[in-house]
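Each of the two complexes below includes chain A, the first together with chain B, the second together with chain C.
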Partner chain A sequence: MTMFEYAPAPESRSIVDIRPSYGLFVDGEFADGTGTPFTTVNPATEEVLSEVATGSDEDVDRAVRAARRAFVKTWGPMRPADRGKYLFRIARLLQERAREFAVLETLDNGKPIRESRDVDVPLAAAHFFYHAGWADKLEHAGLGPAPRPLGVAGQVIPWNFPLLMLAWKVAPALATGNTVVLKPAETTPLTALLFAEICQQADLPPGVVNIVTGAGETGRAVISHPDVDKVAFTGSTEVGRAIARAVAGTEKRLTLELGGKAANIVFDDAPIDQAVEGIVRGIFFNQGHVCCAGSRLLVQESVHDDVVASLQRRIGTLRVGDPMDKNTDLGAINSAEQLARIRELTAYGETEGATCWQPEGDLPDRGFWFKPTVFTDVSPAHRIARDEVFGPVLSVMTFRTPDEAVAKANNSTYGLSAGVWSEKGSRILKITDQLRAGVVWANTFNELDPTSPFGGYKQSGYGREGGRQGLAAYLRSDS
Partner chain B sequence: MSDRLTVRKTYKLYLGGAFPRSESGRTYEVHDTKGHFLANAAWASRKDGRDAVVAARGAFGKWSGATAYNRGQVLYRVAEVMEGRAAQFTEEVAAGEGLSTAKARAAVDAAIDRWVWYAGWTDKLAAVLGSTNPVAGPYFGFSVPEPTGVVAVLAPQRSSLLGLVSVLAPVLAAGNTAVVVSSKERPLPAITLGEVLATSDVPGGVVNLLTGDAAEIGPWLAEHADVDAIDLAGAPAPLAMELERSAAGTIKRVLRAPAEEPDWSADPGLSRLRPFLETKSVWHPIGV
Partner chain C sequence: MTHVLDPNALADTSGGAGTPPDPFADVTRSNDAFRAFLHGLPGVDQVGAEARAKVLGTRSIKTTAKAWAIDTAISMVDLTTLEGSDTPGKVRSLAAKARRPDPTDPSCPAVAAVCVYGDLAGVAKEALAGTGINVAAVATAFPSGRASREVKLADVRDAVANGADEIDMVIDRGAFLTGRYLDVFEEIVAVKEACGPAHLKVILETGELVTLDAVRRASWLAMLAGGDFIKTSTGKVSPAATLPVCLVMLEAVRDFRAATGRQVGVKPAGGIRTTKDAVKHLVLINETVGTDWLSPDWFRFGASSLLNDLLLQRQKLRTGHYSGPDHVSVD
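And then the complex of A and B:
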């Protein structure tokens, strides 16, 4: 198939001023960390963007003490309406500086500018705006007449949606009257540090938000600090288990948003073209670095060949390359480490007998790249059908009956999300009811909204983020 | 005084809707608070625990798939049958907990009333905990609470009926199935509750009652991959921590126990329903 040639349409990076080095944001000010600094790179070019401080145990302790002070002295006693007003300010500042955040996110993460501009940043602002309104209405949240904040929240977030995950964690914590020590992922710390500037710009009282950068050790220090009341984590199931173990026997409250291996079920009566768009969005959005990605495609046997043919045709038109180009569909893989993991798991796909397909085309010479990949002839026992790849890799399986579709979809230790494609309303409602997953998209996929609670069943974690239900994770209730 | 020789009961487990002995063949003596012999109870083993999980998983589809109205009626029927057995429960609670008949009767009444209270919750949970979600786009979005799955319940050690009902009824009202390890020293009300459940309309396998030692069976339930959640009410502190740690291996939902067994007569609110409910959010496009 011939492709229309597009002229390059790169977004300018001049709007962002990346400092050569960043400190930690503690008690309202940037300060050097006492750990060994690390560098963060642009995964599309391997260019070093900046040097970032590593928070040591003492730094984390300082941050937790600052958060405790703020909880006791300023943020806790503050009128709820005023807390809300600070959050409204933050939401507005995020909107005002949206382009800056989008460019910085794309440089640090490798995701297409189209996605950071149209999804990550607007949704992050929306989360603050939504939760701002809750701050003075918590008695109506169904958690009893006088729900109370927990205290200091220790939050650890992943690299796939750096700013958006920050918003999912910080906005509800602050709206409910808690203060925060947040550790961003070590490969994507920059938008969190820019967010720290927003906190200063909004005149948020010192200590309400503290950002401590670093790798796994810093995260461990945050979640295991004895004066942290609440731990919230988004990341891998493996790390989630370790955190649940570390928190056991303490009074700390815990919510976990972990891995997934979502089934995307296509029935023979589905509108195939729309379904193909949904399948593509489901697995290739954000290079498949999405915990709720639709990585297992279950197609009714009678339409399997048609769906796979259309899917391959459509994937052939996806543009893989410079994330800063506004026409790019798939950007860079976030890190060399993640690329190695994707390669390892896809190698299993081939040795275990599945058939691998990738579109024609070249990848850039520098940076971390992986082509959109489709495996057919996949059996449910294959590792590519069971393990979370967290990359642009789709495993296609078939089914004959609705019962078989549900059984195969639920045959996973995960239960974060799922998709159903059919024109028959009663079938959609039935299948939706039977799927053991926290989010079910019917005739759509990968939609997110601050009003819609998000979170997993089974080993995809517990607790919800977003909606009225999400507030429960940050409040002590008498009922 | 009649010279009739009494018919003594053999106490067994309640598992999958039947009353088997422990596969281990073990029993243990149950005494009242003054040390007098009351009965021999089955001493459940880890294999009984495993069988109970299989039964609970098997029953989950039907129980969770029943209409909320139907579940409410079935649970209310349990309260009706309990009411008929109130005298027997009272005797067992009095002997096991060392209470006067009047105090034991009050505990039994509270337990039955609590069961009725939870029976009435089944068809309100979706309205109270669910939502329609006004998302910023052309989609109809809603969220519904759904049961977590198979819940392992370590029943309170002290309060043998009111405590037991307070932890079991919410698990069932939310649509889960349960594997319960009774109070070790005071298992008789649990055994009688099993008989009540068997003669009401609760499908076999929805509740499985094991008499025995939480410290022996608990660790197996805490790490069992087909158990979705665990209530640590009856686990003493060091054991509770160990169980929570091993439950982390499969990301189980864990309801922790306070250091001291609470006063079960207090209004529980939703505190024992929320931990065993998931939230499912559903999206569908709006358009023509």
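And then the complex of A and C:
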């Protein structure tokens, strides 16, 4: 061996016991669904992992009634400090079983084990720890002297961070005294069902957390159920619009966390090596299946060539392949459907005249894969500069002055996140003030923390998750 | 195994002593010009550099890759003793260890060099005669560098005369930190000239430069002055070698070669004690500058206790069980 070839370093899957089939988790117990079950596959191999129940309207109704009972009888009246204890217990159990969750997440989602192990699971636990601390301090959250819970929250979450999105939804809802009916995405239900086991292990009172699996129909039943007081959704802008229509005219409170097309702005005085790392992290983290992904790179013309050359060299070192290998950087695309959408949008990129670059190397034969891709010569009018690809595809554009950078960055129907790279502090402060995005990172990207509110402007949705601000979505401050 | 730099790379050096290679030939025309050049290098974001080093530190190097990494790391060791109590006996015993690090296994590679104070270079040279293992000597009023230039140059000439193949010099950190970059540059040029055929490793003492911006500037300064290697530390100041510092230095040699065609080696020294640390450095090379630097010609570990841990891990891979510290020699 003349080169440094990393030998395969697969994480063992023996720690996870995947059952052949799963029911719905309603009122503290697993029960069969009345809809037609569906299968969930490992997107890296197309191997069927398990069969999962579909929640029908009746099943959702049962779940909502269980949640209502728990809200009225146990969870709502419980001392806030005791609610906090349950959340601390859940957080510790997540940590204790972290490896199990990480392996299962990677098998069901296709993301690299390094990310599920080092990002998804620790952050999910951190969200429970953070909100556990709030449970008995809500009167100090700046939301009135005695904020009260809303009741039953219907929550629908996406497939890109299955466990983490569950934590973002469930932790604040429970900490504020609400009960939940949660519908995980149909391609990634398994970690939510393992979380149901954690709820049992933590002796959480029945009905406080209900998990109803299924596809779009099940989600529709959850959000449109008349006894749901609060709807929280993370997912595509298209579905978000439909939910907003369905909820309009009802008493339900609504938060939406939708798509994005974030600008990552690199000035000529940026720390170039770290900016390149940030660009890579911005668009290739989680295969680009990230709503806040930095999918539009805006780079100052004077350093464009250097940055693109460094970026391509760096992308050449990304390790694409088996998500269970501990050295993998880029895993599998979550589903055939998503792969088709990425292919469709990148095909537009080429026909519209942008230049497509991909590193050399082969992709696995089975499973759903897409190479890290960089488009240069992109015009702001191109679809790849406007539409959310939700895949490992970066569009590079240039600017000449700070004003132009801001104008181009804000020229999007979305406004979820943005990034600024510069060694000049005053410039960073000025630019971040002008960017119309819910989260703006300076000299970093995709850095998430439960203490920091997350949410969008414009078509990226409304409401915030995380931080003190995130609590407002689950509390009534009129009293 | 050779420890002579690639002759093709050497041919790319500048026309005359003291002139940086193209396209940077004029950046040292004045201290102001040199300062403008060094401060015009892209900055380093400390948080970002540390994060990158940390992610690379999670690479899982197992089985065949680990075996290769251990042997490569052994071949890159500059086995070092730099104590006031050093004696000819100690140096001879180190030299014996350098030739045959694992006496029970002839397939174990020798180390790259033995690194000593200049007055003991002759003893090391004699003990290593015919082995291909180089003698490295620290010089220039190591480790502080606080002496007149005449004294430093005399120190270098003395070490070379004693048989040193490689000179590990220290830069004048005081001059660097007060912005007298040209003085630092000229001193390195003078030392390089005094080295004659010996290789020059330039110790930046990054623990005293503190910021990664300063590490990048000092790296470029040393490369422009003709250093064959840039080295992190003397081992007498804490912190010594760290992964983020090594990352920044590797980026510097990568960018310098891209600009000038001249390849410069990197030597982290001090604080690297375990196989795990060494493997992390090899991963850092592999994913920052690529395989061109994965040889003892271009990368060294300045270390003393590291070698024994590498040998223990090597035995573990071969036999499947850990042997105790008594299975490797005490130096």
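Just so we're on the same page, the second predicted complex is superposed on the first by the 474 of 479 C-alpha atoms of A that agree within 3 Å, B and C clash if a C-alpha of one lies under 4 Å from a C-alpha of the other, contacts with A are read in each partner's own complex, and residues count from 1 in each chain.
Basically, a residue touches a chain if its C-beta (ideal position, glycine included) is under 8 Å from a C-beta of that chain, and two chains touch if they have at least 3 such contacts.
Computed from a predicted structure; not experimentally measured.
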Contact-wise, after the overlay, does A:A270 reach chain B, chain C, both or neither (first, second, both, neither)? second
So, A:L150: does it touch chain B (first), chain C (second), both, or neither? neither
Looking at the overlay, what does A:N443 touch: chain B (first), chain C (second), both, or neither? both
Report for A:A171: first if it touches chain B alone, second if chain C alone, otherwise both or neither. neither
Tell me which partner A:G278 touches in the superposition: chain B (first), chain C (second), both or neither. second
Partner chain in contact with A:R114 - chain B first, chain C second, else both or neither: second
In the overlaid three-chain picture, which partner chain does A:A221 touch, first (chain B) or second (chain C), both, or neither? neither
Considering only the touch criterion stated at the top, classify A:K326 as touching first (chain B), second (chain C), both, or neither. second
Which chain A residues are contacted by chain C in one complex and by chain B in the other? 443-444
Which stretch or stretches of chain A touch chain B in the complex? 126, 142, 144, 237, 240-245, 248-249, 256, 258, 413, 428, 432, 437-444, 447, 449, 451-455, 457-462, 464, 467-469, 472, 477-479
Under the definition above, what is the set of chain B residues touching chain A in their complex? 128-129, 131, 133-137, 139, 141, 143, 148, 225, 228, 240-241, 244-245, 247-251, 253-254, 269-271, 274, 278-285
Which residues of chain C touch chain A in the complex? 42-45, 47-49, 51-52, 58-66, 68-69, 72, 251, 282-283, 286-287, 291, 294
What residues of chain A sit close enough to touch chain C in their complex? 1-9, 114, 118, 269-275, 277-278, 317, 326-327, 423, 443-444
